[in-house]
Amino acid sequence: MDAVLTEEQQALAEAAQALAASGLVDARTTLDGGDVPARPTEDLFDGFNGLGIDEQDGGAGGSLIDLAIVARELGRTVCPTPWVSHQLALQAAVAAGVDVGEGLSPGARWVLSTGGLVRDAATATHAVTVTGDELAVAPVLDVTLHAPMDRTRSIGELTLGAPSVTAATGGRAGVSRARALVAAGLCGTGLGAIERAIGHATQREQFGKVIGVFQGVSHQLAEAWTHVELAWSLALYACWATEEGAGDAAAAVDAATAKAGNAAIYAAERGMQVHGGIGITWEADPHLFLRRAMADDAWLGGAREAERSLGQALLTG
Amino acid sequence: MDAVLTEEQQALAEAAQALAASGLVDARTTLDGGDVPARPTEDLFDGFNGLGIDEQDGGAGGSLIDLAIVARELGRTVCPTPWVSHQLALQAAVAAGVDVGEGLSPGARWVLSTGGLVRDAATATHAVTVTGDELAVAPVLDVTLHAPMDRTRSIGELTLGAPSVTAATGGRAGVSRARALVAAGLCGTGLGAIERAIGHATQREQFGKVIGVFQGVSHQLAEAWTHVELAWSLALYACWATEEGAGDAAAAVDAATAKAGNAAIYAAERGMQVHGGIGITWEADPHLFLRRAMADDAWLGGAREAERSLGQALLTG
Amino acid sequence: MDFRDTAEEAAFRKEAAGWIADTLTRVPHQHPADHAEKTVNSRWWQEQLAEGGWLGITWPKAYGGKELPIAYEGIFNAESARRHAPVGINMLGILLAGPTILVHGTQAQRDRYLPRILNGDDIWCQGFSEPGAGSDLAGLRSRAERVDGGWVVNGQKVWTSFAHAANRCMLLARTSTTEETGSKHKGITYFLADTDDIDVRPLVMINGDADFNEMFLDDVHVPEDRVLGELGDGWRVALTTLSFERGSLAFATSAEAEAALERLIVRVRDAGLADDADVQREIGRLAADVRSLSLTTMRQMSALSHGNAPGGDGSAVKLAWAQTMQAMTRLAVSLGGDAGVTTDAVDDAAWVSDFLRAKGNSVEGGTDEVQRSIIAERVLGLPRSR
Amino acid sequence: MDFRDTAEEAAFRKEAAGWIADTLTRVPHQHPADHAEKTVNSRWWQEQLAEGGWLGITWPKAYGGKELPIAYEGIFNAESARRHAPVGINMLGILLAGPTILVHGTQAQRDRYLPRILNGDDIWCQGFSEPGAGSDLAGLRSRAERVDGGWVVNGQKVWTSFAHAANRCMLLARTSTTEETGSKHKGITYFLADTDDIDVRPLVMINGDADFNEMFLDDVHVPEDRVLGELGDGWRVALTTLSFERGSLAFATSAEAEAALERLIVRVRDAGLADDADVQREIGRLAADVRSLSLTTMRQMSALSHGNAPGGDGSAVKLAWAQTMQAMTRLAVSLGGDAGVTTDAVDDAAWVSDFLRAKGNSVEGGTDEVQRSIIAERVLGLPRSR
């Protein structure tokens, strides 16, 4: 057992953190109607291309946990980028044993479709579709965009061409990998929301004191941090267990999805509340976290479904 | 609309409060293995005999709300007495149009049985049994006592003689009345738990201050009081609506049961927590409230069932 | 203890409900999409209220009111909220400014302002909160300097509903410094100011609506006779206004919660989840909460009618109302799945907007934290924690 | 980041698990009904641990330990808790007193105490908390007066586990007053006291068990050489002990939660509720919480093995653990209905007892409120709120 980030993983987190630094500013751009900025997406695709994919498969090596580390940093600043969707799709394909070489070429923007609306549809070049345990990769011919609550991720319906490759099995395992990464991103969003609130609580004064002095304020942030930190353990383990094919992988993913979704929404809500009046204004950042947390909780099935699924497996399994 | 206690009702509350003043001491007696003290039970049966039963039926007049007021005061000090059970049983019988004259005679100790274990079985002379919508009154021949978590209310199984009277309908309405009174008692228990905690929080010092100064302490009591106060509104309305035969009576009873059970347990738990270390000791009072809240929540079906029933009615009705 | 309307109340409720339903059929925009349209509706509704004689329900007959107990105001507001009626553009004049002037105003002030509230000539806003004085309202810093013939006020206000439409403002400003008076509650003066020279800017909320405004006061002149109550005694006058704020408005908020629950039930059914045991229990819990708000408000309103002072139950209702609104809207969005977090369909868009807007419920009119402190201090008798 | 046991850890876990399972078949009373029997079991288990060579897993070999990383202690405690093994009567000697003496003790103190901990001659308890100093531990008032050849201590301690069996005590007392030192954290001295002259009385908890004791010190003499660390510097030494408290013990507590979840699942099945969607979701939520405790503890333990200082995650696990234990036991009682609130059936009685006992989880080892403050201050960097 060595359940700590390696030095390489810490360096990776720092690199991702640097790239995601403009996230909130970029998120604001999309909120006000702008497109997803070109950076840091280009840098992410350049710097982390093939991360988490074996070198023998044309990847750069590394693990699903490495991807989770980057996803968390991107969530932490609500960074708008289709990079995470691309990784979800690649990982799903890898899990089904499908060649992802094409997905590693420059300009490739894969997305994952499990039947409903698709995230990051606006820039999608290919979709990895999963139906039951079947998986296919097909080019995107046309996109019908919907209006998303979280404007950092486009949402739409895709018209797809003929699949270039299909796999009869592995789709479910692929979706598990993807969900573990979504959970990781949610942990980042929860953490970022708390961090913004700490900034406010240590500056804002009422009754002659910075408001962080009041336990009514500080304890809700402590509670939120607790849930986010514990959810992060589940997300890390879900990544590890799915990649290792551990016996409890499905339960691990459900647990991570459940707690990460709840924790991120709770943290975003507490973070907003701590901001008081300013927190409910369009110009302040807290709603960026709240929109992301709610929207990502609905991505590939949220906390409600995961709780039910986990409980059902434990009670009837 | 005049949704305030009348002067008579306020006087009734004060009288009940006076009788219930020894409640915690008496509850301690039962906790340490003693029997339910003779007082205030005798005084309750003397002073409030026939309360809530029409004078034409041999009662003293008054409404179900009057009984709720007394039940709340008894819950507020966790007062051990079979008086509440007796009222539940009488009210159930009244709802089914059954003559309760025998129940108003001195020494009569009626209890309500809906099939499971029966509260205040130890001293029961007659049981009002409800099966479906049928209701019957039968003498108690034998009692098998169980060991209750809340030692202020005996729990047992009854062997009954032949029913002296039966009614084909009205049983469900009778149970509704009984449940409304249970909810009222739970509101009292929650309130009492908070009051004890206030006493502690304004005396106990840590870090050089009385602990009630800390929002980490005071806000949980405020939250608990809020739920208990709102539950009390539901309990009052449930009494009023069942007695008036209002169209939303069933929903009102479910709502009261749901919120009163949750609020009482929550308040008992917060009250105990505010007491810190002393609160988890046998010699301190908080567990008397907690035992009562948990046990009364299970009486005639608790908050869980009521929430489900209410939601089901709203969604599928 | 009687939850039933009296015969008079029932008649009033029936008449009000009929008038509201009938008048709503003529509302210019039934689903206003933007703030400008909402303002149009609010103005129009105010006119209808004035014409229909539904203003000043609790006001003395001498000033054109109906002189009815506060419960009637509550009934009218509940019936309005239940039918999603617009909010009258001069709601604050009717519910706050008028009643406060009745308590603290001079005869001249009453005569000047009250008729203009009822006939719709004046629209009021409430200039209390400031960027640096939210939860700590008494920490306000706007300053009124004595000049010939009155005062000149400088400062900034925020969260002023209706300021974009108002011509009058309940304005708090310091006429003495805290250092001079030794207490932040002393030296505040309550002005009945005109808004002509106040710079008003809309404050856009997280759902895109602009329910509130900012106000910038730059050498705004207020004449001599516009002080309400005693000079420097404005905090006490403001407390009167705040007590009215928790009054008949509560009926409207609990009716709003009832209406949201109804819509939530429809959404659950539409999603095919009516038989789901888990959702049933959640709806049941929320329904109990919603019902408890309405009933507690009825108790509170009855107590006010008996002349009791508003107590901590107002804060309890406000606190639980915010939690319940947030829980209902969160559930509604969550049950929508992927579509729930988009705003293409009208229903999804409405719930997303309501979910975001509900976040304001735990801040506006006093944060959850302030309500808990009020309950802890005023109801439970715990020591002051701020 | 690797959650898998290393080959060495796996081998250790297997050997430990085998020994624990085997030894448990010989435990004198499998379901001890009262405190006296529990004490018998704890003594017996401590003897088995000593004979089996399972004590001092992290201790230096020079003092008879295995000199293994702290993760091994965690593994052993987790495997023990999973199998409901008794708690060794000298748990505090092994986990707290010994390690603290290793850090702060003189050579003579190490030589005197450490062997007697491993061979079972000594049993330790921890005399920190006082009736007036719970959450505010540094507010303790026990007083040690200088006399010829040592000190005389007067005061009262509370919440001292194992004091009824112990002959040694980690004892904090003031050797200077707060007035003299100017800080409540200065002037406290950490004594390694004998308990012969201490009056120990069991403290019965709300479930009837007596897991803790009160200690009354009336002129208790402590010889010269029993000061651990510097005179007056006992608060710093105590912080070392407290950091060990949040260490390998966490594995046992999360394993306890895992075991409770298993039992809860059985109860749900027995109640015929395994297919109930509502209960399923509740169990799922609790299972995620329970799993998150174990995994966070693994991360924490690994970080300690890398030499990182214990952080706020220990408080987070403690806080969430208490909430989870309380939620699981509450659900178990609630699902029992009428029978659930009686104690006739063994299972019902166990859950009622566990429900009541779990209320202590949010108090013992630092209240929820203290944990939240620790997280707010040490992890989030918020200002001190007490």
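Order of writing sets the labels: A, B, C and D. Residues in every chain begin at 1.
The rule is short, and it goes like this: a contact is a pair of C-beta atoms (placed from the backbone, for glycine too) under 8 Å apart; a residue touches a chain by one contact, two chains touch by 3 or more.
The shown structure was predicted, so the numbers you read here are calculated from the model rather than taken from an experiment.
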{"item": "Most distant chain from chain D by Cα centroid", "value": "C"}
{"item": "Pair sharing more residue contacts (C-beta pairs) when B-D is set against B-C", "value": "B-C"}
{"item": "Distance from chain B to chain A - Cα centre to Cα centre, in angstrom", "value": "49"}
{"item": "Whole-Å gap separating chain B and chain D, where each centre is the average of the chain's CA atoms", "value": "39"}
{"item": "Intercentroid distance (Cα basis), chain C paired with chain B, Å", "value": "38"}
{"item": "Between chain C and chain D, centroid-to-centroid distance (C-alpha), Å", "value": "52"}
{"item": "Residues of chain D touching at least two other chains", "value": "277-278, 280-281, 369, 372-373, 385"}
{"item": "Contacts with two or more other chains, residues of chain B listed in rising order", "value": "214-216, 219, 304, 308"}
{"item": "Graph class of chain-chain contacts, one of line, ring, star, complete, other", "value": "complete"}
{"item": "Touching residues (chain side chain B, partner chain D) in the complex", "value": "116-117, 146-150, 155, 205-208, 214, 216-217, 265, 269, 272-273, 276-277, 279-284, 286-287, 290, 294-295, 297-299, 301-302, 304, 308"}
{"item": "Residue numbers on chain C that touch chain A, as the complex places them", "value": "129, 132-136, 139, 158-159, 203-206, 208, 278, 326, 330, 333-334, 336-344, 349, 352, 355-356, 359-360, 362-364, 367-369, 372-373, 385-386"}
{"item": "Chain C-touching residues of chain D, taken from the complex the two chains share", "value": "276-278, 280-281"}
{"item": "Contact footprint of chain C on chain B as seen in their complex", "value": "1-6, 9, 63, 65, 194, 198, 201-202, 210, 212-215, 218-219, 221-223, 225-227, 229-231, 233-234, 236-237, 240-241, 244, 251-252, 254-256, 258-259, 262, 304, 306-312, 314-316"}
{"item": "Interfacial residue positions of chain D with respect to chain A in the complex", "value": "1-6, 9, 71, 265, 268-269, 273-275, 277, 279-285, 287-289, 291-293, 295-296, 298-299, 301-303, 305-306, 308, 312-313, 316-317, 319-320, 369, 371-373, 375-377, 379-385"}
